[in-house]
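Both of the next two complexes hold subunit A, though its partner changes from subunit B to subunit C.
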Partner chain A sequence: MFEAIAFYMFSILVIGMFLIVVFSKNALYSMSALAGGMIFISGFFFLLDADFLGVVQIIVYTGAIMAVYAFGMMFFDTTRDVKENIRFKKIIYTLSTLSAIFVIFILLAPVYSGKIEALYPSIQGVGNIQMIGLILFTKYLVPFELAAIMLLAAMISGIVLVKIKMEETPTDIEVAKGEK
Partner chain B sequence: MIETALIVETVVKAIIALAVIAGMAGFATFIERKVLAFMQRRLGPMHVGPYGLLQLAADGIKLFTKEDIIPQNVVKPIFMIAPVIAAASAFVAIAAVPYFPEFTVFGYTIHPIISDINVGLLFIMGAASVGMYAPLLAGLSSHNKWSLLGGARAVIQLLSFEVVSGLSILGPVMMIGSLSLINMNDYQIGGVANWLIWKQPLAFVLFAIAGFAETNRTPFDLIEFEAEIVSGYATEYSGMRWGLFFIGEYANMITISVLVSIIFLGGYNDIWIIPGAIAMLIKVSLWIFLFLWVRAAWPHVRPDQLMWVCWKVLMPLALINVLITGIVLV
Partner chain C sequence: MITLTHYLVLSGILFSIGIVGVLRRKNLLMLFFSTEILLNAVNIGFAAVSKYYGDLSGQIFSFFIIAIAASEVAVGLGLLVLWYKRSGTIDLDSLQMMKG
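Our next item is the complex of A and B:
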């Protein structure tokens, strides 16, 4: 019973939060609601006994949305409403509604036909982290390593891009400009 | 029936932990003023009650009964919810912390941990990372330039040191092979020689430094440093809302102290003739004292020095530590 109560509570919270994200005109409301919704999603993982994934959901998305906040801080006055400039309202609303319905159909079709089954059923007595490790390092080893290489490349290119001025502080640069 | 008993037990534990930690956080503010006063050859609060002890109650009454001022141009809901996030995330984190060894009362064994989830350590770090939103939201919603600067500093500081604390903790996790704090404690059974600090000294130092940065204690208290940005993100706050930030900070300090004690300093295992619970209290008190000592002894660093030390010194050291641990283990 408690699981059902918790599930419905989290569902209502998540849907409510994401509605605020879409409909609010204030950037600060939208970003905060996005963060809240992402954190509430982790509740479903905890309900399904996937503690590890739940915690990872919290850690990853708080960090990710923190970056969105940084952009919000740079581009908007977050205490004022953003003036939205939407010209083709009807097309946007029809397309978004249609695509939402499509996604629901795609996700629900296998559940409805009853043909969904776990390729790697969970093993009794093995912890959460161990199971994820087993699957990551057997079935999904190649995509996992590819993702790692991609992240490494992205990190190195990021460092190279900022490296040029890394040894100089902003004051040094100003002084150099003044001399010229 | 068993389910009901479990729920009652959990609720009772949660209320006790909440009350005790909130009380300890309040008391820590008093201790902080006293310790700082003694280190600066002053007496500190002396007038209210014996030895100034009731100053705590007086401050509490003042905070609770002060008018709840919300400035005109702030984003109201966000401004109001930010301090709640600070306190709530600090208290959520303590749900997965084991404080004492289990004990038996009237034939009923009590585990002094609210929820023994398998990934306790990660959960605590996740809750702490949610706590970052409090200064950020406060800074963004306050409609005040000092607050905005404080919020921006909060993001860079907490996000950067999250990396260091996460990487430094990887070494011990690799050695123990579990993220549960109870397993970490059990790994160090058998006296001081088995403490993890001897096997992972570098990780210990890095985690301690990152702990200072994540609780904004003095060498790294840039996000509310008075001389530069007034009071940072908390400039517009007063009364109980400011008090919630304060309680959150001290609760975080206690959590970090408990984490260091459990992961590196032998946890709640008995030392010689000292029983485990007392040993734990001593270790946590010493860590709180260290927090205050550092505040009295050291000036704070500049933001660029902070970033430099985080990304160019601490993070490479943490990576080297992980690498060495991996090589030794293999």
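Our next item is the complex of A and C:
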């Protein structure tokens, strides 16, 4: 009962938030709505007994990714409304409707085929976080290490792309400004 | 009673909202937001399948998807800032460099 109430409440909230993200004219509003939607999505993970994933969703998505977006938006002028010239409206909406129908078919196909079996069944009586640790560090150890390397590369590329010239330290720039 | 189909339908709805965003928005920042919506919709689907079939692989996959989303944001936003410094706009139409 409570599960159903929570499910429907969170679905309405998440769908509303994401509709604001997609249809809002102001970049700041849509970023705030996206952050709210991320937090509500973590509610689904707690409902699905995926405690670790819910916590990671809050920490990584809302804490890290949205913070990076907020810092990135300092570079752009976000107070003005986003101007877009949209042509070919009919084609866009037809394509989106068609692709949505295809996605629903793709998602429903395995449910009705009934041939899915658990590859690595979870052990009874072991907590979710403990079980994730067991699986992540045995069967998925190589992808885990590769993800670590990928995150390192992404961090370095992020720094290199946005940096001011490294040979000019901030004090040098201030001294140059003072001389002017 | 909430079944797996409920979660999958919700995931499909969120995914189509994201697709509408990707197709409709011309601002590159909004395109990034829509991509995040797509990734999150898939995450919900993975977590739901992982619960109802008693297999934790789905949760591990959503974990990796979150890691990929984080690195995508770092690289993508860096490139976006670079493009904004160079061209002064983040409109998608400004990227038509190969126009003859």
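The criterion applied here is as follows: the second predicted complex is superposed on the first by the 143 of 180 C-alpha atoms of A that agree within 3 Å, B and C clash if a C-alpha of one lies under 4 Å from a C-alpha of the other, contacts with A are read in each partner's own complex, and residues count from 1 in each chain.
Going forward, a residue touches a chain if its C-beta (ideal position, glycine included) is under 8 Å from a C-beta of that chain, and two chains touch if they have at least 3 such contacts.
What you see is a predicted model; the values in this text were computed from it and never measured.
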* To do: Kindly classify A:94 by the partners it touches after superposition: subunit B alone (first), subunit C alone (second), both, or neither?
  => neither
* Where does A:73 make contact in the superposed view: on subunit B (first), on subunit C (second), on both, or on neither? -> both
* To do: Considering only touches as defined above, state whether A:35 meets subunit B (first), subunit C (second), both or neither.
  => first
* With the two complexes superposed on chain A, say which partner A:132 touches: subunit B (first), subunit C (second), both, or neither. => second
* **Which superposed partner A:52 touches (first subunit B, second subunit C, both, neither)** => both
* Which superposed partner A:147 touches (first subunit B, second subunit C, both, neither) -> second
* In the superposition, subunit B vs subunit C on subunit A residues touched -> C
* Can A:26 be said to touch subunit B (first), subunit C (second), both, or neither? -> first
* Asked: Across the two complexes, what residues of subunit A are contacted by subunit B and by subunit C?
  -> 52, 56, 69, 72-73
* For the subunit A and subunit B complex, residues of the former touching the latter -> 2, 26, 28-29, 32, 35, 39, 51-52, 55-56, 58-59, 62-63, 66, 69-70, 72-73, 78-79, 127-129, 169
* Asked: Considering the complex alone, what residue numbers of subunit C touch subunit A?
  -> 1-2, 4-21, 23-27, 29-30, 32-34, 36-37, 40, 43-45, 47-51, 53-57, 59-60, 62-64, 66-75, 77-82, 84-85, 90-91, 93
* Structure fact -> Note: in the complex, subunit A contacts subunit C through residues 3-4, 7, 11, 14-15, 18-19, 21-22, 27, 30-31, 34, 37-38, 41, 44-45, 48-50, 52-53, 56-57, 60-61, 64-65, 68-69, 72-73, 75-76, 82, 84-86, 92, 95-96, 99-100, 103-104, 107-108, 111, 116-122, 131-132, 135-136, 140, 143, 147, 150-151, 153-155, 157-158, 160-162
* What does subunit B use to touch subunit A in their complex? -> 3, 73-75, 77-78, 81, 117-119, 122-123, 125-127, 129-130, 132-133, 136-137, 140-141, 143, 148, 151-152, 155, 159, 162, 179, 304
